[in-house]
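In the two complexes that follow, subunit A is the common piece, with subunit B as its partner first and subunit C second.
The block that comes next holds the complex of A and B.
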């Protein structure tokens, strides 16, 4: 019988004394976007797992913070931590997300975090 | 041990638990699944923000002991490196499928997932797990 051996200590070894996501600092290379940039959310296939909400796809947002480096959720969900990405905090106008959002609340915004793979220049 | 009658009732209930696309849908021919339907079927079950729904009643409720125990068990699995938080979320929010995601209590999904990862990663066999559940159930018969 073949039994798979799982490495159960690699994450503890990497994160102990630093924390997560701090332990991935410096592994994602230069950030592609900066605070104030306008970006559009890509509509990548969402099979098997994603944390990128469908309602953000195709909508434009403004980068409000470049927050940290970490494996994207879609990789980390299978314990793949080899390719960390930059994460961005993004501000959307609610009116850009929901077709029937009332004009009375035209200034309302929604803020969420996504990893770099989901973003393209708007 | 469930009676045959209970098992037959189980089949009826499972039939009612099909995702609510009100059209004949068992084993469809490939040309009946267009891109929109393919996407609807393959989406992550937990990405429900923006879906039309009706208001539900909010009820204040304290956690039950089994729910607290389940939480502690899942945290221990993380502490011992069996899974990370994202893998846990993937398994309990998406891998279970839409019917169980919507149909089971929150910590029920945690518990199912904790059992499944022990089998998936071969820390116990399904045979051992099933025999243990059977043994425990008999204590209450």
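The block that comes next holds the complex of A and C.
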């Protein structure tokens, strides 16, 4: 990363003709979780930038899909694309996110994605 | 004092701005854009071409995708498993389309089509900013970008949907899709009753932008989005040029 002249077009060069996140395919190694796994969202420190919404932290969810490989947003925000990781689509019960969500609507859910660093086995 | 949005001296009405207040973010965008042009990252002409391209986009391809999926089960299966591939058949190439040929950091190339069932209703939001599947849906509506919609939909989805006129029974699971990473979502609603024997073109007409975001469901005869209330700006901009 400590180049004298940082190449600000390296992302465009890498993604042309492949797309983003497709251009990071095969760079993250084996995925730690699989579809159906129960995971808990870690409450990591997030200095400066994060895409891990506070409302998900500490809550448990089910992996609904292993979606793609990409640098985590927290790294990519600083143009650090050296270590892509797996992203997972996660389904939360609304009751698990908002303790006073009405019982009448206990079926309601929310789906969002997070990168592997944010997840631990529940 | 500047004139309001009325007829000018030539007797025609100038187009109304989408927002009549310039936000801090718009000022920031202009500043960053001008710096990027000065630095040579892109030219003013590149920016003009990009802006013009973006304004040619609209929700029509997504409506056609849904109509096609309703009449063709094999295509529906493909759409649900690979939205980017399914988009090709309605003329949207997420990966190679003009003008950048690689998407942009705000138009990532991962489209997921969320299939509704009679017992499952999807609705899309981005709580982070206002991520939106622009290549296939065009520019997002103003309300989609407001903090009001973004922060309330995840917490009170039923109340917000009711404000759009969509009230669903408790046995229907509402699933909010928060698109704050690299996947963009559109909703594939349930084909409504009363559309038996319709052609793909007829079906596409009732799949409005709001149906594709998930705040409305298609109905025979309804071909437009419901009107949203517009509140006057506290500090309106006067256009005197």
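Heads up, the rule we're going with is that the second predicted complex is superposed on the first by the 118 of 122 C-alpha atoms of A that agree within 3 Å, B and C clash if a C-alpha of one lies under 4 Å from a C-alpha of the other, contacts with A are read in each partner's own complex, and residues count from 1 in each chain.
Operating definition for what follows: a contact is a pair of C-beta atoms (placed from the backbone, for glycine too) under 8 Å apart; a residue touches a chain by one contact, two chains touch by 3 or more.
Keep in mind that this is a model prediction, so the values were computed, not measured.
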item	value
Partner chain(s) touched by A:77 [first = subunit B, second = subunit C, both, neither]	first
Touched partner set for A:46, first subunit B, second subunit C, both or neither	first
Touching partner for A:90 - first (subunit B), second (subunit C), both, neither	neither
Touched partner set for A:6, first subunit B, second subunit C, both or neither	first
Subunit B versus subunit C as contact partner of A:111, first or second or both or neither	second
Superposition-derived comparison: subunit B or subunit C, residues of subunit A touched	C
Contacts of A:22 with subunit B and subunit C, given as first, second, both or neither	second
First (subunit B), second (subunit C), both or neither touched by A:68	second
Subunit B versus subunit C as contact partner of A:59, first or second or both or neither	neither
Subunit B and subunit C contact sites that coincide on subunit A, given as residue numbers	8-9, 11-12, 53, 55, 73, 97-98
Subunit B contact footprint on subunit A (complex, rising order)	3-4, 6-12, 46-50, 53-55, 73, 76-79, 97-98
Contacting residues of subunit B [partner subunit A, same complex]	39, 42-44, 47, 49-50, 80-84, 86-87, 89-90, 94, 121-122
Contacting residues of subunit C [partner subunit A, same complex]	41, 84, 94-96, 100-103, 105, 108-110, 127-128, 154-155, 157-158, 170-183
Residue numbers on subunit A that touch subunit C, as the complex places them	8-9, 11-12, 15-23, 51, 53, 55, 67-68, 70, 73, 87, 89, 91, 94, 97-98, 104-105, 107-115
